[in-house]
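The data blocks that follow each hold one structure.
Two complexes are shown next, each including chain A; its partner changes from chain B in the first to chain C in the second.
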Partner chain A sequence: MDNIKLRQICFYFACMMPAAKLLIYPATLAYDTKNDLLLAAGLNFAAQVLVLGAVLWLSARTDRTFFALLEGAFGRLCARIVYCLCAAFFLFSALFPMLEQRVFVTQVLYENVPSVLVYTPFFAVSFFACLQGLRTLGRAADVAMPLFAVSFVALILLAAPHADFGALLPVGRTGAGIFRGALFGVHRFADCLYPLFFLGHFRREKKTAGKVLAAFAAGALAVLVFLAVFYGIFEDIAVLRQNSIAHISKYTTSFTSLGRIDFLFIFALTVVQIFCLCVPVQLCVHCLRTALPRVHPLFFAAAANGALLTAVLLLNDTFLEVQQLFTQKLWAVFLVFAYLLPLAALPLCAAKKNKKREDGDG
Partner chain B sequence: MVKLRTRIFVIAAALLFLLFFSNDFGLIDIQKTAIVAAIGIDAGSEEGKLNVTAQIAVPDASGAGKAGNVTAENTRTVSEAMAQINRKTGWYPTLVHCRLVMLGEATAERDVFEFLNYFLRSEFVEDSCLIAVCKGTAQELFSSQSPIGELTAIAVSKVLSSEAEKTGLVCVTNLRDFAKGYFSPAASGYLPLVALRKEAESGGQGGTAQGTAAREQGAPAVLAADILPAAASDPAAQSGGDNAADVFDASQTMLFYRGKRAAVLDAGETLAFNLTETSTDFAYGEVTIEQDGAPVTYSLKIRIRKKKVSLDFQDGKPVLTFRVRANAQIADDSRADGIVDIAKTAFVPEPVLRAAEEALRVRLDAVLETTRESGCDLFGVRQKLHRRHPRYEREYAETVLRDCAIAYDIAFDTLQ
Partner chain C sequence: MFAAKLHKLGDVKETSKQRFGSELQANLHAVKEVLAAEDVLVHEFFAGDGTRCAAVYADGITDKAALGELVILPLTRRHAPADARQVCACLCFPETRLAPDAETAAGEVLAGNPALFVDGVDGAVICGTKLVAARAVTEPQTSVTVKGPREGFVEDIKTNMGLIRKRIKTPSLRFEVLEAGRQSHTAVCIAYIEGIADKTVIQSVRGRIAAIDIDNVPDSSYISKFLMPRPHSLFKQVGTTEKPDILCAKIAEGRVAVLSDGSPIALTLPYMLEEDFQSSQDYFVSPYRATVSRLLRLFAVLLSVFLPAFYVAAQLFKLRLLPFALLLTISGGIQGIPLSPGLEMFFLLIVLEILIEASVRMPKYVALALSVIGALVLGDTAVKAGLVSSPAIIIVALSGISAYTVPDLAGTVSVVRIVYILVAGSLGPYGILLLTALLLYYLIGSDGYGVPLLAPFAPLIRRDLRDALYKANIRDLDKRPAVLGSRNQTRLRTRKNKENAHG
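Entry: the complex of A and B
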C-alpha cells in the first residue's frame, strides 16, 4: 500500500513539482529580483539538487526507511519524535500553497467573488488521497504526467511568441535582490525533502540517481522556461500579474474570435496542482501513521484535512499576512527541515554499519 | 465492500470536482447583469475629476442584446464611477468583457495612469483590452452612430484590430503594452488617436476614413496611408450599404511621456514607425518620381522581410541603427502603361525602389525629431541602453535619446 515506483517519483519531479510554482511565485519573485528571477530560481534549484543527490546517495546504501534508520541510530522514541515533527512541518508547509490556489480559483475561475466554500471540495480529494498512502501519490503522478506535458507545452507555445526575452537583460544587476528572492522563495522548494520519506518504499533500478536527477532537471527547466516567458511578456509590470498561468497565454490574437480556449489547459494544470498540493498532506499522514501505528489512519487523515480546512477558512482575508510570514519570517524553518534534515540523515547509514561492525568485533 | 466504498468515494469526489470547476456557485441574475463592452474616460467639468462612460450591452431574455451608454460625472476615481453606475442603474457592471478603454483628448493633459491604475489593479479587467485616445470626448464617440450594430465600441475595435496594425495603418496598443512602456526606464508609450468622422457615406466615395483623415492632415504623398485601395480599407467604413453612418479614423498616433501627451504623429509617420518597430509586415506606400520629364506616382505593395532597431556604441558614442529589408511590388501607377509593363508588375524600377527607401528615411527622420523634442522614447532607446549597454547607462541615461547618432540600413528589393 505504501510503495511508490521509481517512474512515479520521476514523474512527480518532472511534472507535479513545476505545476505548484506557476501561480503567484513568478510575480513575487519578480518583486525581489526584477529581471534576474531566473538566477534566484536557479539558486533554489541548485540547492535542491544537492539535497536530492544526498538522499539518492543514502538510498543507494540502504533499503531501509528513514524511520528505520532513525530507530536504528537513536531508538524508537527519537524516531517517533522526528516523524511527528516532520508531520507538523508537512502540514504547515501545505497551508500556504492551498491559500494560494484558493485565491487563484476564486479570482480566475469565477467572474464575481464566490463563496468561501467553493474550495472545500479540495479537502475531500485530499482526505481520500491521505487514506490511500504513498501508492495514491504515485498514481496521481502517473495521471499528472500527460496532463502537465500537454497543457504546459500548449501554454508555452501560445505565450512564447509574445515574450521579449531581451527583458531578462542585463543579467545580475539586481545584486542582493537575487539572494533575497532565493531565500524568500525557499518555502516553495521543500520538495527535495520528500524522497527522504520515500526511502524503503521504492525499488531501486539501474541508474536510479540519474533518472531522478534527470526528471528533476526537466521539472526545473520547465519552471525556468515559464519564468522567462512570464517576464518576457510582462517585463516591468510582472509584479502585478499574479495567477500567472491565467495570464501568459491570453494575448494570442485568435482568442479574440475563439474565446479563451487556453482555459482548457489552465484547468488541466489546476488539476495537476491539486494532486501536488495533496502530497505534503499525504506525507504528514504517512509520518503520523508510521510514528503512531496503533491509531487508525482515518483519524490522522480527518484531523490533518480538518485542520487545513479550518485554517483556510479562518485565513480567508489574511492572505498577504500569511504570505509575508512564509516568505520573510519562516524561511529558516524550511531551511532546517527541507535542507538540513536530509543532509543530517546521511551519517545514519554509516552509524548503523559501524554499530554492526562493533557488534561483529565483540 | 471496500472496493464499492472506494468507488462511491471516487464518484463523489468527481462530482465535487465538477462543481468546483464549473462555476455553478457563481451564477448571477442575467436581468441584473450589464456587460460593459467599453469604458470611456473624459476630464470632468470640475478640476481633477473624471467623467466615466460605460458602453453597456444588456442581455435580455429574447437573446437580442441592446446597447446603452451610462455616464458617471465628476468622480474622483474610476472605481467611484463604477459604484455610481451601479447605484444609478441597478446593474452590476461586470468588466470581464471590457475590450476597449477610450480616453478623451483632455485626459491626456494629465498623467493618464492616475486613473488607468484601476484597470491594472483589477483582476476582472483583462490587460489585453485595447486602449486608445480620441479627439473630443469618449462620451461623444460612444454616442455616435455605429455602422455595425448598436455597439460603437465594436466598430472602434475593428479599426484598432491587429490586422490593421499588421498593414501599418494604426499603432495598436493594449493596456499591458502601454503600462509596460510607462513603467519602463523610457517612461514612454503611444496610443492610436481615434477621430470621429460624422455621417460618412459608405460605398460610392472610393475612399476610406483613414484616407480622408490623411488628406485632411495634408500628409505628403510618399509612404502615407492615404493611398489604400478600398478593398484593403477599414471594414467599418464599407458596411452599411447606402446608409449614412459615422466612421472612425485612427491613422494618427499620440505619443506619451511620463503618462502625459507629448506629441502626435501623422499618418505617414505612423506608417514609418510601424514599418520599423511594430508587427507590421505588409503595407501600401506611394512614391512619386520624375520619368520622361513628368512626375509618375507608383503605388507599392511593401512586404517587410526583416526589421531591427538597435543601439550600438562606436568609439564610445551611441548610434541608433535602423535596419529594414523589404520587398516591393507595383500595385498601380499614374500613367498609362503598355501591356508588357503591366505584365512586369512584380518588378519595380530601380529609381522607384531608391525613392521608396529615401521616403522611409525622411519619415523616420521626422519621427525621431518628434521623439527628441517631446522626450517620448518611441523606439525604446533608453531601454536598449539599460538592457544591452549597462556600462554606459550612468553616462547616457538622460541624454542618449538626444545624443545618439542615427544610421539607416534600409534596402527595398523587388518581389520575386
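Entry: the complex of A and C
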C-alpha cells in the first residue's frame, strides 16, 4: 500500500508548508496590508485550520480513501471526474510557486542573469518524485524537517537582532486591506486540501487531530515569526524586498569575517522548497493514477511535468502578470477547491453510514 | 597451461551418477573416468590382512600427512573392515562421510577431501583432510582500529565460521552452507541467529543465492551483486565487513551475514547507509567521543562532495558565499589560469583518482617515488607553471582526504563528486541543489529487504536514532534496531524491561 505516516503529515505542515511562503509572499502581503501582514496571514491560517479540522474529522470516521468515499456515494464515474478535476487543480496550483522559485533562483543564486534553461532540470527532479508515490512524499518530509528547523532558526537568529518590532504597531491600521491581503493570499494556502488525499493512506494514532493541528500551528507560527522579523527589518521598503529569505539575514553576515554563511541555510531551505514544490505535482499524478489505473504512471508524470515545463517557459517574462492573475482573479478557484471541496466532502461519511443502514435493513 | 589444467580439473562429466560397487578396481575406474585430471592421484595400499585399498586425492589441496597418519596408517595395522561404517569407525579422523556414487566422490576429491576405497566395501569413504592454505588471522587493512579487537576474516570459510562461532556461542546461531558457481562450486554460508533475524530476509537471501547461475564465484562481491535489490544502483546496498567483531554485532542486531569461500569480506543484510558512518571503535570509546567522530565523518563526506562543486559554482556564477578577504586571496590565486574553473577542478579530480588507483596497484617500493611525483611534480610544478591554481589543489586534496573518513563510501563519493562538478560547471548553485534533491529522492525511495536505505532518518525511527549519528550510552541501547523487524527486540535486560516482561 502507498502509505504515508501521521508523523510525516505533521512534518509537512510544520516544515514544508512554511518553506513555500518565505519567498515573495511577505513582500506582496506587505503591499496589501502594510504593518498588518500578520493579521492577514493569521486569517488565512485560521481558515485553513477550519478546513484541516474538517478533514481530520472525516478521517476519524472512515478508513477509506477519498476516492472510495466518492465512489461509494456517487459511483465510480463521478469519483473519477472529481479526481481528474483535482489533478488539474493540483497542476494549476503548482504553477505559480514554480514561477516564484524561478524568480528567486535567477535573482538570488546567480549574480548574472542565467538562462531560463537553468531552471528546467527541476522538472526532471519533479518527474522522478512523481514516480515514487506518497511514500516518498512522506519520507521527503522526514528529510525536510531537520533541514528546515536548523536553517529557519539560524536565519531568524541572524536576522532578529536587526528587527524593530515596533514597526508592526499600531495593529489594524490598514482596515479593509487586511481582508484584501487575506483574500489575495488564498492561492498560497491550498495545503489544507492535501490531507483529504491522504485519507486511507495513513494509520490513525492517539490524538491524531491534536498532533496534526499542533504541527500546523507550529508551521503557521514559523510563517508569522518570519513575517514579523521581515517587516521589522524592512518596514516601509518591505514591498520592494522580494525573495525576502535571501535578505533578512544579510545585515548580520555581510560584515563578519565568515562572510555570507547564511547562504548555507538559504540553500538548505531551497532544497526544502524543491520538495515542497513537488508535492502538488506528486498529488496530481496520484489523483490521475487513482482515477485511471490502467494508464501507466510514467505517462502521467511525464505529461504533468511536460505541461508545467511548457507553462514555465512560455510565462518566462510575465511573472508580474501571472502574479496579478493568481492573486486578484483566481482566488475563487482556490476557494472552491482548497476550502469548499474538503467541507463538501464531510457529508460523504454520513452518506456511507446511511447506505450501510439501508443495506442492513434490506 | 595452468588455466587449462584447472579447466580440466573441474571437468566433471554430467553423466557420472554411477553408483559404486564393492570391487575396488571398478570403483577406481569409475572415479578416474570422471576425474581424468593429471593432478588427481591414486595411492594404493594394503590393509593388515592384505586386502587392497586405495585413496584418491587431488595433489596440492589435500593434506597428505594427515591422510597418511590418520587414514592410511590405521588401516594398514588391522584387518580390512567389512562395510563403510566400520571403515569410518577404524580411522583416526573425525570428519568422515560416505559417497555412494562417482560424481559425489569426484566433487569431494576436487574440494581437497580424499576418497578412500576398500576392496569388498560398497561406496567410498570421504575424509575431510582438506589442505587449507590460509593466511593468519590478522588485522584487516581496510578497518584498522586503535581500540578494540584486531582479528580479521581470512579467505577460508571454515576459519571465518569459527571466528563467528567463537564470539556467538548460542545454539541459535545458524550456518546454512549453500553452493554457488557452476564451475567453481564455491561454498557460500548464510549466518544468522534464529529468533532474532527476520525470517523473510533469510528466505529472500537463501532464494537469491540459490538462483545464482554463474560459472565462477571468486569473491563475495560477486554474490553481493545478486543480493542487491537495485543491481544498477550507484549506492551500496549490501553491508560489508572484514572484522568478525563487527559481523557478530550485526548478526546480534538481527541481520543476516553471507560468507563466501575464498573471500575475507563478509556481507550483511539488510543494509542502511548510516552503517558506514559507524566504526567498531565507536563502541569502545566514550559515547561523546563516538558521536563527535560520527558527526565529523558525515561532515567530511558532505565536504568531499559539495566543496569542489560550490568552489566551481562560486567562481563561475560569482556567488557571494565567501568572505571578502578570502575572496581576494582566491581571486589572486586563480589569475591567469587557462582552464575554466569547472574544467580545472574536473582535471584535478581525475588526476587524484589516477593517483589513488596507481597507489593501490603499485608495488610498495615504488610508492615513495609516486608520492614525490604526485605531490611535487603534478602539484607544485603545475601551480608554478600556471596550469592550475593553488586553491583548486587545496580543495581537491581536502575533498580527496575527506572521502576516506568513510572508506566504504569512498568509491561512491568519488563518482558523485564528479557528477556534482559537471552540474556545478554547467548549471551553477541551483544545479547543485537540484542534484541534491534528486539524490535524496532516490535514496529515500530505496528499500532493500523491507528496510529503507536512509533509515532511521527517512523514515524517521526515533528509537533507532540512538545509534545512528548520535551514539547513546550502551545502557540506553536496550532494544535492537526497530527497522530490522526482529521478533526479539530486547538487547539489554534492564530492571525496567524485566519488570515489564513479568507483567
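FYI, the second predicted complex is superposed on the first by the 356 of 362 C-alpha atoms of A that agree within 3 Å, B and C clash if a C-alpha of one lies under 4 Å from a C-alpha of the other, contacts with A are read in each partner's own complex, and residues count from 1 in each chain.
Simple rule for what comes next: a residue touches a chain if its C-beta (ideal position, glycine included) is under 8 Å from a C-beta of that chain, and two chains touch if they have at least 3 such contacts.
The structure displayed is predicted, hence computed values, not measured ones.
Contact with both chain B and chain C is seen for A:109 once the two complexes are overlaid on the shared chain.
By the touch criterion stated above, A:202 is placed in contact with neither chain B nor chain C.
Contacts of A:334 after superposition on the shared chain: neither chain B nor chain C is touched.
Looking at the shared chain after the overlay, A:270 reaches both chain B and chain C. When both complexes are overlaid on chain A, the residue A:258 reaches chain C alone and has no touch with chain B.
Once the two complexes are overlaid on the shared chain, A:145 sits against chain C while remaining clear of chain B. Of the two partner chains, chain B is the only one touched by A:236; chain C is not.
When the two complexes are overlaid on their common chain A, residue A:121 makes contact with chain B and with chain C alike. When the two structures are aligned on the shared chain, A:89 is found in touch with neither chain B nor chain C. The contact surfaces that chain B and chain C form on chain A in the two complexes overlap at residues 105, 109-112, 114, 118-119, 121-122, 124-125, 128, 256, 267, 270-271. Within the complex formed with chain A, the chain C residues making contact are 317-327, 427-431, 433-434, 436-438, 440-442, 444-445, 452, 454, 457-460.
Residues 105, 107-112, 114-115, 117-119, 121-122, 124-125, 128, 166-167, 169-170, 173, 233-237, 240-241, 243, 247, 250-251, 253, 256, 267, 270-271 of chain A are the ones touching chain B in the complex. Listed in rising order, the residues of chain B touching chain A in the complex are 9-10, 12-13, 16-17, 19-21, 23, 25-26, 28, 92, 94, 96, 120-121, 123-124, 126-128, 162, 174, 176, 179-180, 183-184, 386-388, 390. By the touch rule above, chain A contacts chain C in their complex via residues 5, 7-8, 11, 105, 109-112, 114, 118-119, 121-122, 124-125, 128-129, 132, 135-136, 138-140, 142-143, 145, 256-261, 263-264, 267, 270-271, 274-275.
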